[in-house]
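Okay, got some structures for you below.
Okay, so chain A shows up in both of these, paired with chain B first and chain C after.
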Partner chain A sequence: MIMQRLPFLSALAVGTALSVLMAAGTPAMAKTPADTLVEGFAIDDIISMDPAESFELTAGEVIGNIYSQLVRLDLSDTSKVVGDLAASWTVSDDGLTYTFKLKPGLTFASGNPITAEDFAWSFERMVKLDKSPAFLLNQFGLTGDNVTEKVKALDPSTLTMTVDQPYAPSFVLNVMAASPISAIDKKLVLPHVKAIPVDATNKYDNDFGNGWLKTNFAGSGPFKLREWRANEAVVLERNDRFYGDKAKLLRVVYRHMKESAGQRLALEAGDIDVARNLEPGDLAAVARKEGLNVTSAAKGTVYYISFNQKNPNLAKPEVREALKYLINYDAIGATLIKGIGEIHQTFLPKGQLGALDVNPYKLDVAKAKELLAKAGLTDGFSVTMDVRNTQPVTGIAEAFQQTASQAGIKISILPGDGKQTLTKYRARNHDIYIGQWGSDYWDPNSNAETFTANPNNADDATFKTLAWRNAWDVPDLTAKTKAALLEKDGAKRAAIYQELQQAVLDSSPFALIFQQTEVAGLRGNVNGFKLGPTFDTNFVAPVSKN
Partner chain B sequence: MSSTTMSESVRAGRPFHVRAWPVAIGVLRFAGVVITTFLGLLAVTFFIGRVIPVDPVLAVLGDRAPASAIERTREAMGLNLPIYQQFFIYVRQALAGDFGTSVLTTHPVMSDIARVFPATIELATLGTLIGTSLGIPLGVLAAVKRGTLLDQLVRIIGLIGYSVPIFWLGLLALLVFYAKLGWVAYPGRIGIAFEYSFTPITGLYLIDALWQGEWEVAVDVFRHIILPAALLGYFSMAYISRMTRSFMLNELGQEYIVAARAKGLSEARIIWFHALRNAAVPLVTVIALSYATLLEGSVLTETVFSWPGLGLYITNSLQNADMNAVLGGTIIIGSTFIGINLLSDLLYRTLDPRTRA
Partner chain C sequence: MTDVPAAPRSTRAWLLSDRPQSRAQARLGRAYISWLRFASNPLALVGLAILLVLVLVAAFANILAPHSPTAGDLAGAQLLPPLSPGYLLGTDDQGRDILSRLIHGSRLTLTVVLLVAVITAPVGLLVGTVAGYAGGWVDGVLMRITDIFLAFPKLVLALALVAALGPGIENAVIAIAVTSWPPYARMARAETMAVRHSDYIAAVRLMGASPVRVVLRHVMPMCLSSLIVRVTLDMAGIILIAAGLGFLGLGAQPPSPEWGAMIASGRRFILDQWWVATMPGMAILIVSLGFNLVGDGLRDSLDPREAGQ
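== the complex of A and B ==
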């Protein structure tokens, strides 16, 4: 009988032993080191650390901290730019040639001097590699065939770039501030350039060091990339050769953590200093907790619901307008996006040149019914909606489904993984889609071009904007969007964008819902952490810890 | 019966080829099963990869790539070829042991797996050890005390293990043991303070730390692994204890138990040395299956605990249509399954004399 009791006793003994072992380690040991900032951050969207290849939000933030550009956004007034590596710049009278003068005595983290030649090569490789960010330079008329002619180093400190049309200088400079257009250490990368055979898919005989730069570093920012382990961590170390104010901390670790709840627990326990993906509930809890702080910044990302014009019901102007009256903006703002966004019904985010800050639509079922009756759809209709299975879009879609049903519109939600819904959206196979658009660069053209330009509405078009994805054929607005690019007068340019926003508000298949606010939870001992207006301006160099 | 026949044939000195044939057939059959399983694996992964409505080009170029780049990459990846040609290329490369490069991590798939698999092995092994060391005694206890309050208690513990979502239980456990009590560490496998000073050898951090005599690191690693491992162990225990109970009940009703009791053996000796020894035979398969499930099925645990293991790697790759990584991962899981099955088969034969023929 004694033996029979043993299993229970042994289980108890094992349990006790485990508890003692667990308690033996002091919790304080796991806390973050004083010279290191540890951020809990979902970093699984990173595909490369090469500025000429990577264009994802998280990678953009890292690249913004480890590379430098010619110019940068003025964080105190984001409709302007200031010099970063460039001391000054001029635009020729015909508006086609930009000349940049570099600051003297600049060096890369490797110790190599930063010259205009490095920039000329960085531009050349970006255009010739033709990865996602290449379009930033393609839009100035730079192609693989002409880039070495159009972008030249006149001497070690003078770079010229010739564009194909007299664009608004504010447009050109705003684009130049984007993180992909970074200075890359040519001398450091050249030994790692790999030869590749020229064939149908490879126009050039080498990879411009892309294979090496995917996981390595050749920049001049306040931090150096020490390591990127996909889905695990990105580790930065201070660049002591940085030309500006040196970073206060020695190391920054972005640790991959997918869950908001997990980030909150780790922040409360002090195992991370910053939590970057807090959902509204966790954010509120962090805000209430003593010893923790929250910070936020409006970002250039807008969320919208769009209606595919290939669906005959959705193509009716009255239906498009009715649907905009069937969204309960107030309820969404007060609950689903509280703390992480602000209701915003125009396509330009606040802070960009010409942004219109008006929110005319409210939930109005009677008005929507009236409009549906005018469209001959008194009894409503049935339609599908593709929704990514993440918050807050799922919640917004469900709220919309509920309010739309009040006017007889039956929405069936098709949930899917982000890449699934995007694949379907890109093929124009959706009815209704809920998506987000982040400005590719901090200039109104980025959003205007996608919401109001559609040069060719055919299925095999090469220029596939959001207007194209929703089959919205608008030649007039397309022409107007192009005209705004060439308008040199800042005030007149802003006025054109305001007209475009009004047109989208009135008659487009886009119901803009809110502008994203990025939030972060911070430990009380973290100082100087500030989120910027764009993802590549979330700088960590000024951060210190008590 | 069969074992007698076998030994008789050996004693009778029959020619070697007569005995070699069944062995050769057995080996061939096994090889056949392995090859068919692998080909099946290849076909299923390939076609699932083509059926899921995700464009693999998105994985290479990211979400914001322009149309021209998408078309060019599609061609470069061979996605514009007819599907049978794509399958042929896929099988040919896989048979040559070339799993290519993961588009997501940009590393060769095999080096990625070599990095993430030890994390999963360590977690699953500790989980199985916990599950087995608690599950068997609990199952025996429940069988011996059948129908009592104790039996009901074990049943309820098992039921919770079966029915509560691991995701929820994981967060709850984090809240209690990590956030409130501070007993365990989180997130990941090792504290940030040691991450860049500790150099693992085998990738099994606990063993590496002990091997190198890094006691502080070992404690830190243990505090990281114990909660997810205990959680996996709990689910494994739920399964093992139920199965042990049922095997034990079966054995306790056998005639040899009555005979043992009639011989006057102590109850403890009957339970532990007679009944459990016989129940252990089918239990081996149960434990092996449970171990294999933990090796490939701990995705949610890995997500909750930010554990950089194979489950997380394959899930991420699948969501991103990173087919090279999915294929490599699937082959590794498939091989592990086959390996564990083979091992449990051998153990089964060792434990059960009747199967030795």
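== the complex of A and C ==
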């Protein structure tokens, strides 16, 4: 037999190194180039770069930087919108027809002119592809059958859109500012459109370029997408044909870094310029360190734990309420999310119209047990929980697992990457899910609609809100949400949203936990980096480096 | 009358007798000699002590652990440093006592190691001896299968298997077992090739023993000692792979106190709260070291060639 010294030595080496090495996980790198912004960012939730398909936070941020919309939020006063590609717009007297006039002389990054026709096609493909963001337009009554009639290019610079009900114009315009409704370069994409057979699931004979746009770019924003390598990096390059203020830097690289500690080390070493996923401990350390800065912005993002109503135990109202009493809000707020969020138990983020700022739930095991007994589950039950393996959700999930076990509820955590857990969640195959919801547009309807509207609870529904994903069938709340949308009186509208929030607090399968404060650690030489209220307003164009 | 040996004066003398009276005495004598050789190696004894402590800790985890391994005090005891009152090795990000988690985690470690050993060693031995003894196309087929498994790095293959089977400690065991048997088969085959043409095998066959009997009764025992040594030495590697899988989130699932998973969750705090990842790292180091020391000692005491027999 051969002498076996090797395993012994390697065991020694690996044993000691395991804890140290794997923590860092960052190869030594030179300082970042002066014309490039390198951001350390967990980008594993990106599943597509097609604006009509992608609806994830990280992809939303990238798309916000590489595509442009008709209008966008006025960042100095987020209750208003300003024209982006549209120079002006008018609403007909009956409140149904919107006419947008495009700015003259606009071009895509490819050099093709931006015309109303491109927009009409972008609207059409978004509706007909029927991916997650399609509901943005569906809610105006646009469907695959009528979109070509309702959205039309009158001439190369005039676009009209007819909606089915007289919505509050601010609502319609706020939606138009959302990143999925972007101008897509029709001329560039057309050669890449693939024919697909028409069958029960495909109503149309082509994919509208979706297959190609998943990883390619046909936009007009201040940056161009150079490449996206899944779980590795997103590389943006300046679009020199951009019509507005040109980006100050030539390149922006989003480097996939999952770990907060890794981001902090890389930031301290100068390997990255911006660290985007700092956890409380590391954030405090970065803030203390000379030459590094911290910036933060309250986000329209709320974190929640939701309970799938397809699970017979979770469907019991007493169980839903009991679970809300089994979350240790105070401890989580003081430790796991310190600095990156604030306990917030209603679904509208602070700062939106009608947001209710009350936190009635506290950890109360005795009360939870009482409620479980009422539901006939004195001995508790077992249930699974899908958790994306990033912080703080993993930590919160584990804390919840512990406190729930005190009432006899055995939660087994199923960790997965963002794509895995999201896909499962969207298919309604989960029991308990912990996730976040970022407002798609700066209007209370965005959150109200997803948390309280579920017009069709069938598995094959097209309107897939969070309420749908958790199979929460609530016709009356759905109607109320709809009514709020048509209410033009601001105060009355706010009152309806407050009622909805109370209903979600009392009886929904959603345990809202906290509202996110987004933070970023910056190198001292990074100027102009500002986080916006939504993810698609985290613009990198104004950023410069000394 | 004078030829009859005197009754043994002590157990030691009985064991060391060079004229054993029975098979049992001969075997025990051999075992005792091996033990003496093992015990003459102080490092091996240290390793044995480590493993004994591990077994005891695992057996009495419920009594030894001062706190619950899964329930912590998030608000009151998050990330306390070692030697804090009540928490000898500190607490982790969920306010759980690290010592208690290490103690309970020893059960998982032992389970993984034992299960893997119990699954892989017999499989490897069987495949190797059959291939070596049968030769010809049987040997060809079995060894090519072995080659296929050897062609992949162990950890990569284990990762692929766990990814396919789904995360969990049982699947981790299966994955490690599937990837660990080929070296044993190789080794057993080599040993078998060395003895298959020996006179004693020829003699047994002449007496009409079937191939099954020859392999089971006369070939396998010859491979056992080197197999035991190899398995013991590999246990450290198994622990590391299990920890690696746990670290990557594919082994034990939260909140189970698997050491690799503990390092994984502790690495977030490595810069400011070093103990969260270091303590389980030390545990893995010490236990791997124990297995390696014992393996080294066993090799010295069991290997017939080194013993000069």
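Throughout what follows, the second predicted complex is superposed on the first by the 355 of 546 C-alpha atoms of A that agree within 3 Å, B and C clash if a C-alpha of one lies under 4 Å from a C-alpha of the other, contacts with A are read in each partner's own complex, and residues count from 1 in each chain.
Simple rule for what comes next: contacts are C-beta pairs under 8 Å (C-beta built on N, C-alpha and C of every residue); 3 or more make two chains touch, one makes a residue touch a chain.
If you're wondering where the values come from, they're calculated on a predicted model, not measured in any experiment.
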Which superposed partner A:282 touches (first chain B, second chain C, both, neither): second
Which of chain B and chain C A:269 touches, first, second, both or neither: first
Which of chain B and chain C A:456 touches, first, second, both or neither: neither
First, second, both or neither for A:401, with chain B first and chain C second: second
Contacts of A:390 with chain B and chain C, given as first, second, both or neither: neither
Partner chain(s) touched by A:412 [first = chain B, second = chain C, both, neither]: second
Partner chain(s) touched by A:146 [first = chain B, second = chain C, both, neither]: neither
Which superposed partner A:332 touches (first chain B, second chain C, both, neither): second
In the superposition, chain B vs chain C on chain A residues touched: B
Chain B versus chain C as contact partner of A:436, first or second or both or neither: neither
Residues of chain A contacting chain B in one complex and chain C in the other: 1, 4, 7-8, 10-11, 14, 18-19, 22-23, 259, 261, 265
Complex interface listing, chain A residues touching chain B: 1-4, 6-8, 10-11, 14, 18-19, 21-25, 27, 29-33, 36, 38, 40, 44-45, 47-48, 54-56, 130-132, 134-135, 200-201, 214-215, 229-232, 235, 253, 255-259, 261-262, 265-266, 268-269, 271-272, 416-420, 422-424, 426, 440, 461-464
Contact footprint of chain C on chain A as seen in their complex: 1, 4, 7-8, 10-12, 14-16, 18-20, 22-23, 259-261, 264-265, 279, 281-282, 285, 328, 330-332, 334-336, 389, 391, 394-395, 397-399, 401-402, 405-406, 412-415
Complex contact set, residues of chain C against chain A: 70-72, 74-75, 78-79, 93-94, 167, 187, 226, 229-230, 233-234, 236-237, 240, 243-244, 247, 249, 253-255, 260, 263-273, 277-278, 280-281, 284-285, 288-289, 292, 295-296, 299, 303
In the complex, chain B residues that touch chain A: 52-55, 58-69, 72, 75-76, 102-107, 112, 115, 133-134, 136-138, 140-141, 144, 171, 174-175, 177-179, 182-188, 191-193, 196, 216, 219-220, 222-223, 226, 230, 266-269, 271-272, 303-306, 308, 312-313, 316, 319-321
